[in-house]
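Presented sequentially are two complexes of chain A, the first with chain B as partner and the second with chain C.
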Partner chain A sequence: MIIENSPTILSVQGLRASINGTEILKGIDLTVRSGEIHAIMGLNGSGKSTFAKVLAGHSAYEVTGGIIQFEGKNLLELPPEERARAGLFLAFQYPIEIPGVANTQFLRLAYNTVQAQRGKEELDPLEFDDFVREKMKLLEMKPDFLDRSVNEGFSGGEKKRNEILQMALLEPKLSILDETDSGLDIDALKIVASGVNRLTNKDNATILVTHYQRLLDYIVPDFVHIMQAGRIVMTGGKELALELETRGYDWISANKQQAMAGVRA
Partner chain B sequence: MSAVLQSLVNQPYKHGFVTDIESDIAPKGLNEDIIRLISAKKNEPEWLLSFRLQAYQKWLTMTEPEWQNVHYPKIDFQAISYYSAPKPKKKLASMDEVDPELLRTFEKLGVPMHERAALAGVAVDVIFDSVSVATTYKQKLAEVGIIFCSISEAVHTHPELVQKYLGTVVPVGDNYFAALNSAVFTDGSFCFIPKGVKCPMDLSTYFRINTEGSGQFERTLIIAEEGASVSYLEGCTAPRFDTNQLHAAVVELIALDNADIKYSTVQNWYAGDEKGIGGIYNFVTKRGLAKGANSRISWTQVETGSAITWKYPSCILRGDNSVGEFYSVAVTNNYQQADTGTKMIHIGKNTRSTIVSKGITAGHSNSSYRGLVRIAPTAENARNYSQCDSMLIGDQCGAHTFPYIQVHNNSATVEHEASTSKIGEDQLFYFSQRGIGAEEAVSMIINGFCKDVFQQLPMEFAVEATKLLSFKLEGSVG
Partner chain C sequence: MSEATHPDYLECLLKSWQAKPAESLSWLNQLRAQAIDRVSTQKLPTKRDEEWRFTDISSLTRLPYRPSQPDSNLHIQDIQHLFLDEVKNRLVFVDGHFSRQLSVIANPAFTIGNLPELLSTHAPILESHLGQYARFDSNVFTALNTAFLRDGAVIIAPKNTVVAEPIHVLFIATQSEVTHYPRCLFIGESGSRVTLIEDYAALEKAAYITNAITEISLAANARAQHIRLQRESTQAFHLANCAVSLAHASNYQSISIALGSRISRYNLDVRLTDEAAECVVDGLTVISDRQLADTHTCIDHSKPGGTSHQLHKCIADDTAHAVFNGKIIVRPHAQRTNSSQSSRNLLLSKTAQVDTKPQLEIFADDVKCSHGATVGQLDQEEIFYLRSRGLSEKAARNLLTYAFGAEIISRIPVTSLRQQLEQAVLDQTQSNSL
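Right, the complex of A and B next:
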């Protein structure tokens, strides 16, 4: 939802980043205010996943220019774990498998770390068990999920649900969902989307990184940004995604200027 | 990437202190006179001296093995002192009389001894350099007929048992280092569990090499009679010296009908510094004979120390329905080298063996799993399951797997699984994105990786092993 005068959560200006000397992000500007849902769309290789990882602080990428403010803090000064503790969450496109580590153990450690940072109460295993089971209902997850190793042998849908479960537990200020729709069948997509919808509120914000319009039928964005070659080349409302769906990405290049005219400063 | 990973693995060795105790050290070098000297110092019976001399003669005809995947300069066996013992101030009747300096050493090591032993329910035999210092709980064990003492003592108090079993599982000429040990071993532990007795507590030996330039050659012999069972723990540390020290132990286990021996090791010998200078050469022969029907021998090892580790705790499954197990975690860092694994020799019918090996390799280290599964023609319906997993930290290290499978009976089932994984940037990024720092992440990943093995360890050992691993790998991730 767009709220008049709501505080800025994320402010990105002129962000440039490269990997192994190749520049991927070539000057990104983006402002996200609390309550808002932003979709970043683009073809493979446009830099949208890189943008997500750079926000989260992946060490493979070198930031070569620009600034990122997160709730007034200089995000670029913080290592990834402190960004996470400050309330920035990334739902991974390819969640990592951790053999031998029970999901519940991992979830509890993450939860307690963030709780400690916020000066809130940490939960012992029994309390946490009750707490996490409540959250799991939101995503229609089976209880055996907790005892299985983190993401090991999970189906694509289970992995994505596990990501959203972590989002539910950590209650981030800003959630970045990187291709959360990829690999999901329509039922799983609906469950994940409804989970996300229940977690969004006026005090947090969400960035959806996606290739396809499909996800946006279920999580309706306030803004849609189109990325091309490391830049946001067009920004509009939710109808931009539909237009893109019918006209294709080629249409963007031809109409950059026109679309940019309507963008909120 | 490696900055954090590196700093995680590279923690200083905390057992690297030397205890200032007057030692009785034999002159360096090896010859018949030295062997006679050792034997005389220990006031040994004639049969044991001839056991030693026979081993020595065998050893002279043998050559140092070179097939293993480790590299080190030739050992000068004449530059080693083969006997080093703390000089006793008087005969020790109780723990209170042990040299307080020595007790402080064990306190530093965190050995659960004395009152702590009572709390932990552990009986401890402590081998300092090569001599057994004190055995706690002897009396309590004696009440149920268990003999747990140093092997030197057993030679005098129960010569018939020692003579009957010594060298029956690992013959004097078994291999180069076993022959050397048989010739010069100075002490070790002896444990005898009589028929039908379940040992009421875990038995434990703590080994420590203290004197520079000395070798440690201990000899352990454990016998479980019909229906008996015992869980035995072994821990090892050594001070830090720039010279390499040789540790060539022999462990023999014998399980009769329905007997059960579980042998757990946490090995943390000094591994050398970050450049690979110094450290222990850990060349050890460990073998269990599941002699009786339905007997079971289980090895669990957590190998974190030593400059070079060369050991293959093995099971000879002679009894029908006998079971052999090998659970291993081997961690190498810096310039450490490990060539370790097991041998499962199936002879009896319906014999079963399980091998779970986890190798964690960091820094410039090199780790090999080497395992033999042999199904003899007599072993009807034998089964083996092997699983060998390697985890690499950083890109300067190497992990290798050498499985040998020999099946001579076609009713056998043999399974082998292997995997290699890497603690990489992406894994750590996933943890850090959930607010979890690199150290905690590595410890969680490693403990998850080793879970199948740690589950086999007795409780307090599992805790120690977990700590040791985090400590060992601190600084290796980044």
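Right, the complex of A and C next:
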């Protein structure tokens, strides 16, 4: 929801980043205020995941220009773990498998680390077990997933649900969901979307990276941004996604100028 | 490279050898005498020997350590931290000498005790097994151990006996500048079932030599789970040979963990001497600083229908050096052999080193054999994933290192030992931040 005068959670200005000397992000501007849901759409390879990983602090990307403020802090100064502890969360497009680490052990470590940071109580394995099982019910996940290794052998959809489970545990200030919808069957999509909707409120914000209008039927965005070749070239309301669905990306290129006459002053 | 064979080393040891403890049996004296004869005709291996290519023991020859003398000052409180809750029968040897007051023998369903005592009651069976598997013809350390053989752990599981609780054989080193000659003999009669924990530990950071021999004989349909834990002082030398003989349809499962010693060498020889025998031979080495740990295994299939599976893992940090040489022999008659071997290695620093070599000698045609080896570092994407969930870089690295080793540790069927080891691996990888 767009709330007047609500505080800015994320402010990105002129962000440039490269990998192995190739510039991928070429000047991104984006402001996210609390309560808002933003969707980022764009062709394959346009830099959406790169943007998400730069926000999370992946060291393979070199930030060559611009600034990122997260709740007033200079995000670029923080290592990934401190960004996470400060309340930034990335649900990966391709969640990593970690053989040998039990999911429950991993989830509890992550949970307790963030709790400690917030000056809240850490949970022992038994307490955590009760707590996490409740959260899993919301996502209709079977408890078996606790004893298995992190994401190992999980189906595509199961991995995505495990990401949202982490989001539910960590209660981030800003969640970036990178194609969390792809690979989900329609029932799973509804479950995940309702999970996300339950977690969003006026004090946090969400960035959804997606290719499909379908997700936006369930999680309704306040803003839709179109990314092209490392820039946000167009920003609109939820109807922009529909427009895109019918007209395709060619239409964007032709209409860049006029659409950029912003939604927000 | 320096010349490894100090001319005086073996000579010095030969001098310290005494012909016989007064009342022992003639066959045993004969065995000892044969062994000392072999010592006098052999040399210590050097890096020029193919089998010792990576493991330079020349520094050992600078320490012609005397055989250790009994030292009875140890109290149960000193070693309690090494005990395992599940264990009902425990043999404790201090510097190679049996300690009755530190040991617990609770189970009359099978035979357990130390060699000198059992010689009076079980001479025939001991004579037919002792020294029969660990041959000293070509192995100078086996010859030395046999020559100095005085004490040892003996466990005999009679026909069809199932021993539910694990048996703990604990060798504790307390003295510096001595050589221990630990010895274990385990005989599993047909249909018996036992879990054995062979454990080498030290109470201080002392420099000493352990020269250990273990012999295991499994009769038809016998099953043994053999967990071997080498947690010696990081200044010690540990040279060990284990020889296993498997009869028809017997099943041997071995998990060897190497954490300690400045230099360690473990030779494990498993012979599948009759049809349908099975073995699982797993290993985990976790070393750091300047440690060197060398594991040589040989699995010898000589009869049809045998199975062997092997997973060996090494984790090396700092300038540590891990060696794994896994030989699999499938002899001409050993048709329908099914064998797999996997060596997986994790280097935690740029200066750590791993040498891994599969050695397959297959002379039968109807066999299924697979092998593979990998050497790698921690995965950067995995580290990032964990950090993106709030774990510090150090915690992430430790968790992943731990997970790498946990695959082997989780196979140990003794909970308290598993917990001790999980802690040891975490300590070894310097985790305080989990």
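One rule holds in what follows: the second predicted complex is superposed on the first by the 263 of 265 C-alpha atoms of A that agree within 3 Å, B and C clash if a C-alpha of one lies under 4 Å from a C-alpha of the other, contacts with A are read in each partner's own complex, and residues count from 1 in each chain.
Basically, contacts are C-beta pairs under 8 Å (C-beta built on N, C-alpha and C of every residue); 3 or more make two chains touch, one makes a residue touch a chain.
For clarity, every value in this text was computed on a predicted model and none was experimentally measured.
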Fit or clash - chain C, chain B, common chain A: clash
Touching partner for A:A84 - first (chain B), second (chain C), both, neither: both
Partner chain in contact with A:F92 - chain B first, chain C second, else both or neither: both
Which superposed partner A:L170 touches (first chain B, second chain C, both, neither): both
Common interface residues of chain A - those touching chain B in one complex and chain C in the other: 56-60, 79-81, 83-85, 89-90, 92, 95-96, 98-101, 106, 109-110, 113-114, 117, 149, 166, 170
In the complex with chain A, residue positions of chain C that touch it: 379-382, 384-393, 395, 399-400, 402-404, 406-407, 434
In the complex, chain B residues that touch chain A: 1, 421, 425-427, 429-437, 440, 444-445, 447-452
Complex contacts: residues of chain A adjacent to chain B: 53, 56-60, 79-81, 83-85, 89-90, 92, 95-96, 98-101, 105-106, 109-110, 113-114, 117, 149, 166, 170
Residue numbers on chain A that touch chain C, as the complex places them: 56-60, 79-81, 83-85, 89-90, 92, 95-96, 98-101, 106, 109-110, 113-114, 117, 149, 166, 170
